[in-house]
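Below you'll find the structures, each written out as structure tokens.
Look at the two complexes coming up: subunit A is in both, with subunit B in one and subunit C in the other.
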Partner chain A sequence: MEEKKSLIKNPSFQAILTSVVCIILGLLIGYIVLLIINPVGAGEAIKTIILNFLTRASSMARAKALGNTLAKTAPLLMCALSICFCYKVGLFNIGAPGQYEAGACIGLYAALAWNCNWIVCLLLAAVAGALVGSISGFLKAYRNVNEVISGIMLNWIILYLTNMILTRVKDPTSPYTMKLSSKNSGALIPSAGLEALFAHNKTVTLAIPLSILFAVLIWVILNKTKFGYELKATGFNKEAAKYAGMKEKQNIIVTLAIGGALAGVGAAFLFLTGYQEWSTTQSSVPVMGFNGIAATFLGGLHPIGTIFASFFIQSITDGGALIDKSVYPSQISELISSIIIYLCGFVLFFKYALNNWIRKKETREISKVDGKVIDTAAAGKEGGDK
Partner chain B sequence: MVLLLQYTIIFASVLCLVALGGCFSEHSGVINLGLEGIMVMGALGGAVTMFFLPPGTSPFLIVIATTLAAVLLGMLFSCLLAVASINFKADQTLIGTAMNLLATAGATVFVRAMNTSINPDNVSTAIAYIEEKQAFLKYFGKFEFNWFMVMAVVLLIVSYIVLYKTRFGLRLQACGENPQAADSVGINVYRMRWAGVLISGFLGGLGGIVYITAGVSEWKFEIGVAGFGFLALAVMIFGQWNPTRIAGAALLFGLFRALSNVYTGIGFLAALNIPGTVYNMLPYIISLIVLAFTSKSSKAPKAEGIPYDKGMR
Partner chain C sequence: MDAPYAIEMVNITKRFPGIIANDNITLQLRRGEIHALLGENGAGKSTLMSVLFGLYQAEEGVIKKDGKEVKINDPNDANDLGIGMVHQHFKLVQCFTVLENIILGVESTKGGLLQMDEAREKVLALSDKYGLQVDPDAKIEDITVGMQQRTEILKMLYRDNEILIFDEPTAVLTPQEIEELMEIMRNLRAEGKSILFITHKLNEIKAVADRVSVLRRGKYIGTVDVADTSKEEMSRMMVGRDVNMVVEKEPAKTGDTILKIEDMTVASKVHSNNAVKDVSLEVKEGEIVCIAGIDGNGQTEFVYGLTGMEPLVSGKITLCGKDISNASIRSRSKEMSHIPEDRHKHGLVLDYPLEYNMILQRYYQPQFTSGAGFLKRKEIREYSEKLEAEYDVRSGQGPVTIARSMSGGNQQKAIIAREVDKDHKLLVAVQPTRGLDVGAIEGVHKQLIAERDNGRAVLLVSLELEEVMNVPDRILVMYEGEIVGELDPKKTTVEELGLYMAGAKRNVGAEKAERKEEA
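Let's turn to the complex of A and B:
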């Protein structure tokens, strides 16, 4: 009984519980919107969004579709890790889409114009992302510019720059960049046998296990190293960190540079798998970076939780593309993820209310049955059901 | 040149309105990063109203109805920020970002559903309002005068008076500087912050409809308002949270934004042969540079971004 009682008080359990509540509410609101648009197929549509690849007919098609979702989860996870890492240091890296664009730009340019192999392209993408991130970092540390505003400005600047640069390596007949498979297949991230598991889906590559490795690495850096501790201390209280002898300005720049590198690698993880090409007439900031925000907060700001949250967000995004487009807009998934982000804002309050409720309940019970066994089975059972 | 002047003024009007919105919200102590989303919602309200008004409606009525719809939807949407950040003490940066995404996604879904329900083959996310837009315009020679320009100037003056010459404005500012002190003399901080956020919804929503009617007569809601809400925030910071300075900053930024619309028509700029993308980037680059040089000595309200908790007094 003691074990059950501690479950609902356990912070990780609470984090998972709140995320699940956010997901359920988000899906519910999405369902209501679908009902309003057209009540006939709404149930089927929300089912498609939730189940995504499971709705495919054959097991081969399911494996292939799962492979596609995983291939896009890797870049999303990298963007989410970028935002998560910076948030832990007290910085809101909304510039992740811009760093992602920079990674795509240099990664693809190196692959198509300089014929580099995939490792070089990946490293260059990381450097490009880090450079863009450190611009925000420098402006924040030395010029007191809010990183959110500089991030947004850079998102647009880099978008136009990327379009301009990648136009040089675009396919002459379409607005897209040339296909890697025909121009320089050495720049494609190797699959290392993984494709066989997913019905020979060529876009399933080493990028997926690598992104998970990065998540673990970020967790280790943040929780097990002095470097991570210093960064978190800077985020918690800049002045205190300064007086404790830490280089707080440098820490801010390094953090955003690392965040930028993660997002840059994220772009490489998408464009170097040959999953899709960059459209040089693109007029809006890639949605990947913004979905990263949803995955970060849904993952309870924990690198490992972010893995599962990224998969969920990507899965409902892909599911949204499968619904009957003549009736429902596929953007419904974006709506659901944005509702989830909004609800994540209430997480702190929710946890506070939950703990308050537990405390009140306990004091009431203690005063009521003095000396008897405290019955908390009800609370424990509720936790166990979730 | 007339064209450049016209676009500068209309874009400056947008930036000025939205920046003033941010100004009210921040003076009350709430950072409003959701201005971009509020603009999208205002634009949506206005565009839908113009779309559904029967042809032959008097121009006066079109102006009134469109403006009202934009303002109301903007205020309604700003409630999302107010509830979360004032009553539930949520992270204001997170909520603002969520609102921006929510507005764009919501508007896209709405417009697409609306288009498909009218014509099943129409899956675009755009609303056209070519004829209705004429209600806002008056021509003086080549200069296309827009009633929104007048609204912007009037609201600028009103904002100045409200903020500095009325009891309400001074109390609002007190809530952004030192909410504990304001509370101790009997000001309801929560209510003042709600007022600040709602005013920013009003001005942001209006800015949204002005933006999508400036220069174009059709809007694709997929792209939201392309970072314009954030440019307005840059204008607000450059204007040091002060309405008169904001107006000046808005004119400067409006000029750079206007250049991308008209550079081909200006002899020496066209002769320079700079690609159009450079002009598209210009407003964002300028704002980064300007912010780098003005943010150091910031006159930001001291308590902005910090949720007010009565128990912490």
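Let's turn to the complex of A and C:
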């Protein structure tokens, strides 16, 4: 009893528990929506979403599909890390999609127009993301402009700027940028033998282990270093940080610049694998940055948890694309995965509810125990009086 | 049968997780008496009043009005029963006039239009009857704290409340204003109102109350007639042991000048005038200098300017012979320790564990951070444990306790430990005993005097008259951003101090002001 109670109070256990509850609830609601639209295929469809690559027929196809999911997990993880890092410093980096766009823009432009190799492209993507992030940071630090507002506006500004710039390196016959494999294969992130494990899926590259490395790095910075100590202190209490002589304004800018660099690298991790090209006619902000928010919360705001959360979210997104389109309308995959991802954002709410419940229960137990003691004491007193 | 008590709270018990805030408390308020409720911070006074006001529901016990049991589920019920309260922090709308504030919530209307004339007449009549001078058309933001308090009292009277609760009403007043308030309370009693007076100031109880009920750590200690008891007796009931009410100290042995401030001016954040105007002062090693004054006379901005939290408009600060007028907070902190006014806003990162808060001013030093920028966790833990032991900082889980979960007294002890243990020549202590109980206050005062005896210069900023009179070696009075008086605590009286605090007297800077006029 005692052990069980302390387990449920353990923050790590709570984080995992609430994340799992969110996932189950999300799947359940997704299932109900499927049932309402068409009860016949609902069971099959939800199974497809959960199993994703496992539904493929051959082991080769399974490995290849898993490779695809992993290739898209890496950029998602970078966006999630960007948001997670900033969140720990008390900033909500909803501008991650804009920083991601900037990374895609400069990364691809360097690859296609200047024929840079992949390392240079990656670094330039990081710098571009950092610059966009620091615009929000600067406005926040010196003009007290909320980073959410400036971030959202920059998302759109950078989107059209990117479309404009990348039109110069686009394929003449389609709205997409030129293929790296034919124009400049040196800009492709090397696979380093990883493709062999995934049925020669060429999009499985070093980006995947690198993104995991970044997650570990972010965790170390936040928890083990002086730099992380300062940043987190600034996030928790800006005034106390100032009082302690920290440069709180500078810290805000640096934080959003780092967040921007992470998102920028995230874009490079997608577009420099040759998985897809940038469409210069797109008119919506890339969903990757927004899914990063869900992955951050689902991952319990912990860089390591974010790794698993990113994989899960990417997996259900890909699984959703496999739903039988003869039974459901074509928008169904996006709809169901959005519902699940939306529910993932409720982690903090569930954690709050859980702790509330624990507290209430404790209060009841205390009153019960104390009540008895007081009763007997009062009874004894009364007896004495008589 | 006419019951003798206006309100009775019988055997009230209220529990919170892990604590019994009120443990079987009985409070009986006679009709037409001033009944003081005495207790330290955390003794359960506020909880008890919240139960009476319907903000909390007691688990056990009953409330009786005129001998009849009543249920109070929310503040509206309390209002219907004629219970009114002046909160410690006034609940007034700043941009409304006095009159508008008084009628707020009980406006009389005709066809949707306010009927102000009727209300004005009633307010003026009440103000006349009880000697509550207010200007009904003045806006709250323009009037003195004393008048704001009178507005709060009129609010209760306008609602025909019979039972009036005053929650630490004198904390924000000058000695003269306190005297006026006491007179008002006597008038109210004469008119048959029953008053509950919550305080921890024994002088005031002696001056005005008929009976006093004492709470200690959630328990009811007893009720006594004020006339038959002494201050010492009351403080013993409140604290549970004898308290040394006089601060013991040797005469100061002063040395070199540590801090020299010349014509310092600091801008205000709320209005276009400067909050601190041409302040000059010196603090020598081995002395405690106290800046006294009523809250909001520029003390906060003065400290911000001194510690580097706000830039100076003009003036020069010299610390240990170095000009630090434009130095950063970090470089000032090498010679200066600062116990901030607001421990939650500035003093602590509440979501950090205690050990991280203990190194807040020193985390970057080689003792706690390696050359590569990694925190030395073992050293941090050991340092925190050392400070906790030396300064008797108590917490649930030691160094890993989250600062937010600690009691206010222990949070303050942690800050004091951190600031005193760090290298410094000057200690700036801003209201270091705010919100602490009598026992803890004694400890803080001893610490300040030990600092002084160790050859440090101590600059104390305080609003508490008792502290101002007992702890420092010199008193400087600040009024509207200027130093208007320098007093010797051994030679002055509370009354004289009050005149300086209210701006009625000055003995410093008068010639300078005249010189300026001539020029």
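Quick notes on this one:
In this section, the second predicted complex is superposed on the first by the 320 of 386 C-alpha atoms of A that agree within 3 Å, B and C clash if a C-alpha of one lies under 4 Å from a C-alpha of the other, contacts with A are read in each partner's own complex, and residues count from 1 in each chain.
Going forward, a residue touches a chain if its C-beta (ideal position, glycine included) is under 8 Å from a C-beta of that chain, and two chains touch if they have at least 3 such contacts.
If you're wondering where the values come from, they're calculated on a predicted model, not measured in any experiment.
With both structures placed on the common chain, the touch criterion links A:A244 to subunit C but leaves subunit B unconnected. In the superposition on chain A, contact is made by A:F297 with subunit B only, not with subunit C. When the two structures are aligned on the shared chain, A:T225 is found in touch with subunit C, with no touch to subunit B. Contact with neither subunit B nor subunit C is seen for A:V216 once the two complexes are overlaid on the shared chain.
Ranking subunit B and subunit C by residues of subunit A touched puts B first. By the touch criterion stated above, A:A61 is placed in contact with neither subunit B nor subunit C.
Common to the subunit B and subunit C contact sets on subunit A is no residue at all. Contact residues of subunit A toward subunit B in the complex are 33, 37, 92, 94, 139, 143-146, 148-150, 152-157, 160-161, 163-164, 283-285, 290, 293, 297, 325-329, 331-332, 334-335, 337-339, 341-342, 344-346, 348-349. Within the complex formed with subunit A, the residues of subunit B that make contact are 33, 80, 84-85, 88-91, 93-95, 97-99, 101-102, 104-106, 108-109, 112-113, 116-117, 120, 123, 125, 222-224, 226-227, 230, 233-234, 237, 275, 277-278, 280-281, 284-285, 287-288, 291-293, 295-296, 298.
Residues of subunit A touching subunit C in their complex: 224-227, 229-230, 232-233, 236-237, 239-246, 359, 362-363, 366-367, 370-371, 374. Per the touch definition, subunit C reaches subunit A in the complex via residues 13, 15-18, 20, 24, 59-60, 307, 309, 328-331, 333, 338, 340, 345-352, 356, 360-361, 363-364, 369, 373-375, 377.
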